[in-house]
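Okay, so chain A shows up in both of these, paired with chain B first and chain C after.
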Partner chain A sequence: MKKLIEVRNLNIAYGSAAGWTNVVQGVSFEIARGEAFGLVGESGCGKSTVAYRLLGYGTINSLVQTGEVIFDGIDLLKLDATALTRLRGSRIALVPQNPTTSLSPGMRVGTQIREMIATHRALPPGMAMETRIVELFALVGLPDVGHRYPHELSGGQQQRVTIAMAVACNPDLLVLDEPTTGLDVTTQRQIIQLLADLRARIGMAMLYVTHDLALLAQIADRVGVMYAGQLVEVAPCETLLAAPAHPYSRGLIASIPTMDGAAQPGQGLRGVLRRDQMSTGCKFEPRCDFAAAACRTTPQALEPVTGARTVACMRWREAVAPHVPVLVKREDKKTAEVPKRVLSVADLALSYTRPSLFDRLLGRSSPAVVRDIDLDLRAGEVVALVGESGSGKSTIARAISGRLPPRAGIISLDGAALAPALKDRSVEELRQIQYIFQNPDASLNPRRRIRAILARPVDHFGIEVDDKALETVLDNVGLHAGYLDRFPEQLSGGERQRIAIARALLVNPKLLICDEILSALDVSVQARIVELLRSLKEKHAVAMLFISHDLAVVQEFADRVAVLYRGELMQLADTATLLSEPLHPYTEMLLEAAPSLRKDHYVSRPPAVPNSKAAQGVGCPLAGRCPRQIGSLCAETRPPLQTTGNGFVRCHLGVEALPVHSTPTDARDPSVQKVSSQRSL
Partner chain B sequence: MSIFRLLASRILFSALTLLLVSILIFLILEALPGDVATRILGREATAKALEVLRSQLHLDQPALVRYFQWLGDFLRGDLGTSIATGRPIADVLGPRIVNTLLLSLFAFALYIVLALVPAIIQAVNRGKTIDNVISVITLLLLSLPDFLLATMLLFLFAVAVPILPALATISENSTWQEMLRAMVLPAVTLAIMMAVYAIRVLRDSLIEVLRSDYVRLAELKGLRPRAVLFRHALPNAIVPALNVTALNLGFLIGGVVIVERVFSYPGFGTLLIDALQLRDIPLIKATVMISAAVYVAANLVADVLAVLLQPRLRTSR
Partner chain C sequence: MTSVTSTPSRRFNAARWRATPGPFKVGAIILAAHALFAIVGAVWTPYGYAEMGAGLPLSGLSWGHPMGLDQIGRDVFSRFMHGAHIVLLLSFAGTILGMVAGTTLGLLSGYVGGWFDAVTQRVVEAMISIPFLALALVMIIAAGPALAGAPVLIVFVVGLVYAPRITRIARAAAMEIATREYVAVAELRGEGTWSIVFREILPNAANVLLVEFSLRLSYAPILIGALGFLGFGIRPPTPEWGLMISENRNLLIASPVTVFGPGLGLASLVIGFNLFTDGLSRMLGQRPVAGA
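Let's turn to the complex of A and B:
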């Protein structure tokens, strides 16, 4: 195939007060016309820095030391500003990471697309601008939303708008910077589906930057794995996923939780990328299980291995050689006696605003955002609360922690009802419920040392703690005493989250609320935090309410899963049986949307009865979106609660009519068999 | 909340504010020592004459009645009669307001340029020498009191390099060239005094907006730098500066008093000082009410503009 763009020996450094740091070193790759190339790696590996250079763009403090980016025979890095301006958008276009912040907030989305077409004079001859814009919206599956402002669209719709904008001038190359990271699983899959579709129709090439290999499996032809600014492996997507050659690729793939729950070959990654601890040889050496003495001093470059594959590892043969799969046997030690109930939530209903005096006089009530929540947690049990953004997961957690007094219902701890408001709860009750937030950057005071951060809650609850105890708790979360005198900014994201967990553990709580604590972390770090939580649960018998939007992570370690949709529990089931039990149609949608590590030809199923949304508080919240909806019944009548083996399903469909999860591993796809046999080498 | 509901509630609040101002002004002037009638007729006036004048001025009636009478008259457009000159206040105020309005408009136009241009230069060249130089200059000007700046400009351009008139006296017969020349120095003084505040706010918010994702996307869409700056960055960066501008208009009213005095410009400000010196109470009431109304209206306009520039504010409940 003909080369469209070629990156040759790219070296980029970032300047700071401390001097220059090399962030990209000797990166070379090419993308053929119409090819989709994926660039994958953990945060800070330099993948976005490389991607933006393909648009001739770099931040002010970055400097290209050597290298060329040849597009159509021209070096983009030597191009002047005017020529770049002509090229950007018309021949190379960007789909940004966060559509919410990337669309101009004060401009109608139609105008933003019009501006793109007008600037590059890219209106097809004989076509009116309005017609073209509507056509573009249709292309990305949107109605004519041109007159809307960005904030009037959902995240998924916003991303569709940026995609419509990116393809407006029929570019040759689309650079996608983590385009689905902030989106829900189902939306994420629809966007991927749309991109694959567009590629088939328009035939443009893509550079897809992501940290999520499973997504890449759905769309990329070839993948480049980056580590610490270097490409360590470039291979066709399927080959890479089936049999990664570089030890880092292996670790990365092993860290990904998958829905089919198949035991991963090899182990997840250990340690973190530390740019200050880099050896002169292979950058991955400090974390590599296959490293030999020579690795430390010998720099590695990409060498062709077999076929279209190149690897930067001198010991790749050893790494790829048969390797005893470490089967993580998750035996369910069903103890005879049922543990004590720690938390129980009954008939919980929540709303954000209290009805104003005016509304009360008129007898109006604002609709509840969360209703009819019944949930129990036993000692040492992990219950996952799963749902899309806006489903009310965090709202429920806020109510349990006392930050949002419920409108109705009872929350009790150890059988005793808790006061609805935080200020009315006793210090002892506060101690027993601890909360870990999504973003450790924001939940640790940047001006205090770790010692002070850990000591604060301990002082507050009047617990006697010496340095020894602090060290023990750090040890429990896999850190050492050396961290006590550091500041949060000196820690990586995963380490900070560990500190947040340590802080919560230190006061010996009965219930730990984990609010999306993994979503800001890299997969390898995620895997290790999950491991940590699992061991804590076994050691301390602490109950956890684990909030997540990611079913794959959840089924790795939760005992039970509660599926939430628009403030209502749709299903509650044992994790072990979640895959085989009768499923709620919504759970089915979530399971289908979770990407597996191979191309699974996902097609989102259309709703059975579209445009039949139930009014809030009446009928099933899924009505209008459900592929299995039964006529207008669902929108008009509240579905009954049906008990299943170890939980319940709220649906009009009878238990026998409900779907059972079919693992994507079915006989239809012959490649699957091959893939799995290779993977369990 | 729809924009109309927002507008209605803001107008209601504005009216309420002005009502409070009117009460406050009335109470303060009421509390002033001395007798208006004695002041007009002089100390030698007979008790009889004072009595007659008091009843003419309704001073014999209770304060509450006089307040509502004044308020009613004011709302109907009858501003009363100036005690010092004996002429209707509307006649005295009219030309002065026109003069001040001309000066303010001139100053405001200059202000927009003087605030935007340096702020844009600074934001685009942040961290470079020009950014620092402008920062130092604005800081210097910020720390100067307005009368000092006025006097300095007066000395520079009317005495040291006499290219502009020192006294900004204009009359009805002045040509527009004469008026413009007379207004340059007072307008420049006012504009600088206001701009230095706005420059700092605008620079910082523009830098923040230039770092935003949507500006980067606009750049990577291949828009020309000018289009990125004026269509995507500036409209969003201007919002914080709007509040400063509204506060600045309040300053303009106060600044006008001092600057007009320094340059002897026959405007609203000099009239206010004269009224205070002569204790011309009806005139004081009228001038204060009018300046309060201008201030409240300016804030109203700034709020509405902020909503128009940020569509998000329109739909948030």
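Let's turn to the complex of A and C:
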């Protein structure tokens, strides 16, 4: 195959007050026409910096020290602004990470695409602009939404629009910067499906930048693994996933939670990427399990090894040796006595707007955001709350913590009902429920030292502690006393989240609400936080409500899983049961969409009755999207609650009928697939 | 990106000074010169600031009297020197008063919200809608003849003119910070309003407020000068620069140097503050963002 773009020995440095930092060092790779190349690595490894340089773009404080980016015989780094402008969008296009911020909010999306085509005069001959725009929308599986504004579209639809915009001029190369990171798992899979489909039809090459190897497995032909600004391994996707040769790739793959259910303790990566602790030799040496004395001093460069792969490691033969995955069966510690019930939620209904006096007089009520939630948590138990964004997971957590007084229902802690509003709860009750937020950057006050952040709750609740308490708790979460005098901005994301966990643990809570606490972190960091949480759960017997959209993480350590869809509990079951027999159609959809570490040829199943939307607050919320819907019954009547072995299912289909799988194979033929992508969300 | 962490040292060093933006440097030098001049002027002047007959009235500039002499034979340069510390002190005191009142009210109003915010904001808007000189004059008249010309009154006037404007800035900052999760964490802990406002919100609004403070400070000499010019400022013969311009304005043709001094003094002070503020806001705005 012919090379489309070639990066040769690229070195980029970022300038700051403290001098230059080398961000990208000696990166070389090439992408052939029509090939999908994946670039993967932890945050801060320089993958986006490289990707944006392929568009000839760099931030103001970055400097290309050496290197060439040769696209079709031209060095992009030597082009002037005018020539770059001509090239960008028309021959190399970008799909940005966050469609919400990259689409202009005050402009109809059709106009934005028109702008793109007009700038590059890329209208195919003999075709009207309007026809072309509609055609592009059809290409990405959208109806004609040209007259809409970005905020009128869902996140998935917005990303489809940015993709349509990127392919509008039939580019040769598409640069995708984490295009699915902000999206739900089902939407993610549809976008990936769409990209694969587009590639087959248009034949463009792709550079796919992501931190998610599992997603990359679904689309990339070859993958480059980056660490600390260097490519450490380039290999065909299947080879890499089956037998990673570089110790870093190996650790990265091992940290990914999979749905296969095998726990892999001790396989993940240790430590974090610290650019200030680089050895002169291999950059990965401080974290490497295979490191020898020579690694510290000998710089490693990519060397071709067997099977079209290149590796930057002198000890790759040892690393590539297949390790037998240690299948640790999670021991079921089923004790006879049932632990005490810590939290119980009964008939909870929530809404954001309080009915006004006028509405109350007329007997009108606004629809609830969340309704009929019944949930119990026992001491030492982890219950996961799973669902797509907007399903009301965090809303429930807000109600339990007292930040959103419920419209109806009772929340009780230790058998005693809690006051609905935060200000009416006693200090003791506040102490017993601790909340850990999603984003540790936002939940730690940036202007306070870690010592002050940790000491404040202790002072506030008047807990008697000895002088060593802060150090002990830091030790518990895998940090040390040296962190006490730092500011949050001097810590990495994972360390900050550990501080947030430490702050919650310090006051001995009975219930810990973890609101998506892993989603802002790197995979390798995630794996270690999960490990930490598991050990804390065993040590402290604290009950946890673990909110997540990621079923793979949930199966790692939750005891029970509650599946939420548009504010209603669809299913509640033991984790193992839920994974082996999903029962509910929605749970099935979620499980199928979760990517595994090999190409799984996922095809989203088309809804059975696409046009029957549920009557607000009456029918099953899944109606219209459910692949197993039975006529209009689902949309019009409330599905009954059916008890199963260790939980319940809310569905019109009988418990006996549910386990009968309708295999997605019948959805393979293209016409049905098109329908499914158009229907998507 | 990996954040390159360096412990900032409080000591003055050459490298740090070189890294600061240009306007900041120029502004800082002007302000330092003013401060030095004010300190010297407070303890020593060539002639007494109220000493009549230091020379021949209206005799123009000479080596002995670089800014000439006024109608009643007072040395303008001595008066100018003595006035420097008065202008600076009044500006600082007034701005600090406005800052304390405005910040407290603004942060509370932005965080608490609801009817408290609504009422506060209507009052603040009403005060802003009145031209500041009109507001100042109303206050001075209301204070009565006993207080007229007292420094305390001037400080209060400056504070009251500034407080509503600072309130709005502080409120905007607080509203934005109140949505951050560390505030939610404090709320979930059951912390009181004052504790949240001063422990969680204030330190994070400090950047904005610091810039606002120095911006307000730069306009304070003009406000005080305007009051002095109109005759509502410091009681004569204390030489406040605005007052001096007012006293000597009918000498503009006979002996123009007598007006130049205080005029240049006010102008350079305001320019110095403005440059300083500009540089400061650039420095604070360009702080590396954590986690970026």
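Keep this in mind: the second predicted complex is superposed on the first by the 642 of 681 C-alpha atoms of A that agree within 3 Å, B and C clash if a C-alpha of one lies under 4 Å from a C-alpha of the other, contacts with A are read in each partner's own complex, and residues count from 1 in each chain.
Methods note: contacts are C-beta pairs under 8 Å (C-beta built on N, C-alpha and C of every residue); 3 or more make two chains touch, one makes a residue touch a chain.
This is a predicted model, so every value here is computed, not measured.
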Fit or clash - chain C, chain B, common chain A: fit
Which superposed partner A:Ser154 touches (first chain B, second chain C, both, neither): neither
First (chain B), second (chain C), both or neither touched by A:Asn170: neither
Which of chain B and chain C A:Thr637 touches, first, second, both or neither: neither
Larger contact residue set on chain A - chain B or chain C: C
First (chain B), second (chain C), both or neither touched by A:Arg403: second
Geometry of the superposed three-chain model: angle at chain A (Cα centres of chain B and chain C, steps of 10 degrees): 30
Which of chain B and chain C A:Asn22 touches, first, second, both or neither: neither
A:Pro446 touches, of chain B and chain C: first, second, both or neither? second
Minimum distance between Cα atoms of chain B and chain C in the superposition (Å): 5
Set intersection of chain A contacts, chain C complex versus chain B complex: none
Chain C contact footprint on chain A (complex, rising order): 14, 16-18, 21, 23, 44, 273-276, 401-403, 422, 425, 427, 430, 433-435, 437-439, 441-448, 456-457, 460-461, 488-490, 493, 503
Chain B - residues contacting chain A, complex: 212-214, 216-225, 227, 231-232, 235-236, 309-312, 315
In the complex with chain B, residue positions of chain A that touch it: 55, 57, 81, 85-90, 93-94, 96-98, 101-107, 115-116, 119-120, 149, 151-152, 162, 165
In the complex with chain A, residue positions of chain C that touch it: 1-6, 19, 180-182, 184-191, 199-200, 203-204, 206, 288, 290-291
